[in-house]
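As structure tokens, here come the structures.
Shared between the two complexes below is chain A, which has chain B as its partner in the first and chain C in the second.
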Partner chain A sequence: MLTSMIMALVLIAISGVLICIGVFLLPIGGAPAAMGTATGVATGAEMMAAGSGLTGLLMACALYNEPAWVVMVNAGISSSIMMTVLMISANVIYMLGRGIPPALATVEIDPVTKENNKPFITPGTVGHGVPTGGYVSGIFGSFVGGVGGALTFIPMYRFSSGIFDLLGSLPQTRPDLSAISLACIAALGIYFINANIAAYSIKGVIEGWWDPKFKQIGRVATVCFIASFLFGIMVLLASVPL
Partner chain B sequence: MEQLALLLLLGIFAFVVALVTIAGWFEDLESDIGSQSNPNSQVQLAPQVGVFHRIFNKAISGEPVSHGLYAVTAGTIFTTLWQGFHLTPIMAIAIACGLTTVFHMSFATTAHVGRITSQNAFGQPLFLDVVLTHLPLIASHGFIVTTAVITLSYVMYQTGLSQLGSYLGYPIPVPVMALILGIIAGSIGSSTGDEHYGCEREFQKIPFGEGVPLKHYGNIVVKAELGYRSNIDIVWFCAKFGGPVSGFCYGLIVLFDNFRLFLGNLYNMIAVNMVVGVVIILILTYINRRFEVWTRRKYGPYT
Partner chain C sequence: MMGEAAKKVSVDPRTLAIMGVASGLVGIYASYLSPVFAAALAIPVMVWSADTVRRIAGYGLGTGVPSIGNLALSMGILVAIAGLKLQPILGVAIAATSGLIYGVLISRFKILGIPSFGRFMSELATAACLVCMCLMSAVAGGYDWTVRDYFGSRVVPALFTTGMVAAIFWVSSLAAMHPYNACLGVGERQGRTLRVAVVVAGIDILIAGIARVGYLAISGKGQFFDALAIIALGAVVWIYGMFDFLRVSMKEAAATQWTGIPPKPKIP
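So, the complex of A and B:
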């Protein structure tokens, strides 16, 4: 039991780092994007990470008795689907509702399409919409975030329901409901904690992997590792009575 | 698999997608009628730059956690009434959502009154008729969202634990499921519909075709088509575009996700899940790219 507990702790800490990397890759616009003043999706880092990650968590819960790698990849793909549909809906509102073409501001040439963005930016703003570069960055960011959330859900669920095989497939046909609830709440907690830490570093707005703020990822990932490790200790101790 | 079970599953699938579209739609309209979330930062800023308004400044918190809170409250009351008092689920849903709406109203009133009173220092008056006319509307929109989310959680939970659970449905208890669905609903409404409110309606005097430059921050539109602008005018406008797009966004997400899950379970191969997911992502990326190119060609560079 002790080895599985330590392995679960390490997995939870790694999931925190993955969520942090995911937040750095998402095209977060924050409050200014809601007014068309910044590039990205118009909501805060924690909210976007939680929203996309929880969609992946739903898929992880549905596939609770599959091997760990299956759960992680499927949760990541679910999160990516959520972000793709969300970003395209945001673009529909920007382009048809307000008439502004998407444009990046931190670089002149889009890293993915190699097109010039500068002529399309409104003066006085820091870009608007979700251009293709931000779109692709968002797909990778949400995938990594979804994998991270599933990586918390899996050890928490198995440990809480008394199973010490953390990575293989399970023979269960009826899920342990209290264990699923606790694992979902733990995953929710880890999303908010790590997204919050990352949000302080990016100051609420980031465009993607080309943004200068992306260089701080090493330092922030270390902080997220430590914070998630401490969170993992608390949550695993809470799950022992179950 | 026998035909009746397949028909039942397809019916549940359609019902779930319809419910979730309504939840997303009304979630965005509820945040427009109460001015929550990101564009509310401008409503906060307006009195500080000398622009006085008659807008219901209800920013309880960010939308996802706010709707997650109402959903989990309703889910807990629902579970207590359903499992503890043995009421039928429909009655339990109605009573739970009604009680949650009262809870929601207390939050809305204290948030608005508190925020406007704190801006008294800049001269912003507190209009009591704004409070009285908007609260029932906020209540009705919030009630619809909460009812849709709780019904959805209940249907998914029952399906997940029934004989059809190997095909569709999630085995998550109702309160936690409602929390998750409420947070996702808030996240989607905040990311899509709020742009229509913030960019287009709040700054309607800025010409169509440009974003809002920083120098205009705080200078929101306060005069409406007739009289002064209130959230009723705002929600009338946003219900035509922002609300439906948010609803369709949430509906599409749940549709694609459940479609993947259903197909994978039907053919009993996990590879089907993953391949369908990747294909959906690639198609949507391509559509976005065509859309972007079309927009740039149609509107042209900024002049």
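So, the complex of A and C:
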């Protein structure tokens, strides 16, 4: 029991690092993107991370009795699906509704398609829309973030329904509803705590892995690791029957 | 922006903090008598959390004000679960300590350049934890320290099995972030922002009462009296706060003109 608790604490801390990396990879535009003057989807970092993370959590709830790796991979894939739908609908509004071509501002050549972005940028803006590079980066980011959310969900759910096996499949045939909602709320809490650290460090706007702000990721991931470790103790206090 | 505002406040932040902690703790322990106390005494705590968000967000966060409300409630609900499991007063101590560590971490690693961020986060986590504990014990029918495993036998069936905890999470987050998010701008004044906080507190209490009605109806326990009292209290606070806010706004505005819809203006 003690070894599985220590392992759960380490898993929660790793999930914090994964959520942080996920937020860094998303194409976040914030308020400037709503006016078409910054690359990315026009909403805050935390809301995008929460949307994709919650989709992953719902998938993790549906697969409550599967082995841990199945839960993690499926949570990541469902987060990615949510984010792809979000980015493509943002692009439809940008391109067909407002006539804005997607373009990156921090690099001249798109890192994925090798196309030149320079002629498409409106003077006075820092890019617009979600170009292919940002799109691919967003898919990876939401996958990593969804895996991170599921990593918090798994130990919390198993401990609160009285099972101390972290990785294998469960013998349950019906879900333990109170444990599911307890685990969901705790995973949501850990998600917001880490997503906010990343969001504050990027100041609300980032394009993808080529952005200059991406270089701070080591420092921010350290903070996320320590903060998730700290609040992971709270999660364990909440889940283990005393 | 903040330097000007910090000098002329109508209520001192320290007074608000002392009032918030005292009334929150008294509310939780007094809910042994009736859950209405927990709901009623949560109002000063919500006003305190809104004032703390106002002081932090005045420096500019770069990600919008709602993020800090959700962050506060994420810390708050994790600690509140642990607090209701062990002892509410211990929960407050854990919230203050963990919020302080979180804030100091963020400012030491130079993620945000807000002065005394540790103290702000400590206040915010404590306020969020107290709001969560008050509303959760109001929905669960009052904190009862004589019951062994209070959390498992009362709070889990009332909030977690029914799923009401999601509603409590989001309305408490709204109480922290909405007042400053709605009022920010050039002519922002503490008195008006805190009046919006009272309005949102009324909505929160109303929703906690609805959640209690839902729990009692699902579990088939009957005895709707205290739930209806919570709903009535919430509605009174909401309507009174709304009219008070409108009165102050119209007094401070340069000019107001009625749009004609609804036809007869009846605002005092």
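Throughout what follows, the second predicted complex is superposed on the first by the 240 of 242 C-alpha atoms of A that agree within 3 Å, B and C clash if a C-alpha of one lies under 4 Å from a C-alpha of the other, contacts with A are read in each partner's own complex, and residues count from 1 in each chain.
As a convention for this text, contacts are C-beta pairs under 8 Å (C-beta built on N, C-alpha and C of every residue); 3 or more make two chains touch, one makes a residue touch a chain.
Predicted model, so just to flag it, every value in this text is computed and none were measured.
Enquirer: With chain A superposed, do chain B and chain C clash or fit?
Expert: Result for chain B and chain C: clash.
Enquirer: Which holds for A:Y200: it touches chain B only (first), chain C only (second), both, or neither?
Expert: It touches chain C, and chain B stays clear.
Enquirer: Could you let me know whether more residues of chain A are touched by chain B or by chain C?
Expert: In the superposed model, B touches more residues of chain A.
Enquirer: According to the stated criteria, A:I88 is in contact with first (chain B), second (chain C), both, or neither; which is it?
Expert: A:I88: touches chain B, not chain C.
Enquirer: On the A-aligned overlay, A:P111 touches which partner chain: chain B = first, chain C = second, or both, or neither?
Expert: Once the two structures are laid over each other on A, A:P111 reaches no partner at all.
Enquirer: Could you say whether A:N74 touches chain B, chain C, both of them, or neither, answering first, second, both or neither?
Expert: After superposing on A, A:N74 lies in contact with chain B but is clear of chain C.
Enquirer: Would you sort A:A45 into first (chain B), second (chain C), both or neither based on which partner it touches?
Expert: The second partner, chain C, only.
Enquirer: With both complexes overlaid on chain A, does A:Y135 touch chain B (first), chain C (second), both or neither?
Expert: In the superposition, A:Y135 contacts chain B only.
Enquirer: Given the superposition on chain A, at which of 77-85, 185-193 or 239-247 does chain B overlap chain C?
Expert: That would be 77-85, the only stretch with clashing C-alpha atoms.
Enquirer: In the superposed arrangement, what residues of chain A touch both chain B and chain C?
Expert: Looking at chain A, the two contact sets intersect at 30-31, 44, 46-47, 50, 177, 181, 185, 188.
Enquirer: Report the residues of chain B in contact with chain A in the complex, numbered from low to high.
Expert: Those in contact with chain A are residues 37-39, 41-42, 62-65, 160-161, 169-173, 175-176, 179-180, 183-184, 186-188, 190-200, 202-203, 208-215, 217, 241-242, 245-246, 248-249, 252-253, 256-257, 260-261, 270, 273-274, 277-278, 280-281, 284-285, 287-289, 291-292, 295-296, 299, 301-302.
Enquirer: Which residues of chain C touch chain A once you look at their complex with the stated criterion?
Expert: Of all residues in chain C, those touching chain A are 61-64, 66-68, 70-71, 73-75, 77-79, 81-82, 85-86, 94, 98, 101-102, 105-106, 109-112, 149, 152, 156-157, 160-161, 163, 165-166, 169.
Enquirer: State the interface residues of chain A toward chain C in the complex, per the touch definition above.
Expert: 30-31, 44-47, 50, 177-178, 181-182, 185-186, 188-193, 196-197, 199-201, 203-204, 219-220, 222-223, 226-227, 230-231, 234-235, 237-238, 241-242
Enquirer: Which of the residues in chain A end up touching chain B in this complex?
Expert: Listed in rising order, the residues are 30-31, 33-37, 41-44, 46-48, 50-52, 54-55, 57-59, 61-64, 66, 70, 73-74, 77-78, 80-82, 84-102, 113, 119-125, 128, 130-132, 135-136, 139, 174-175, 177, 180-181, 184-185, 188.
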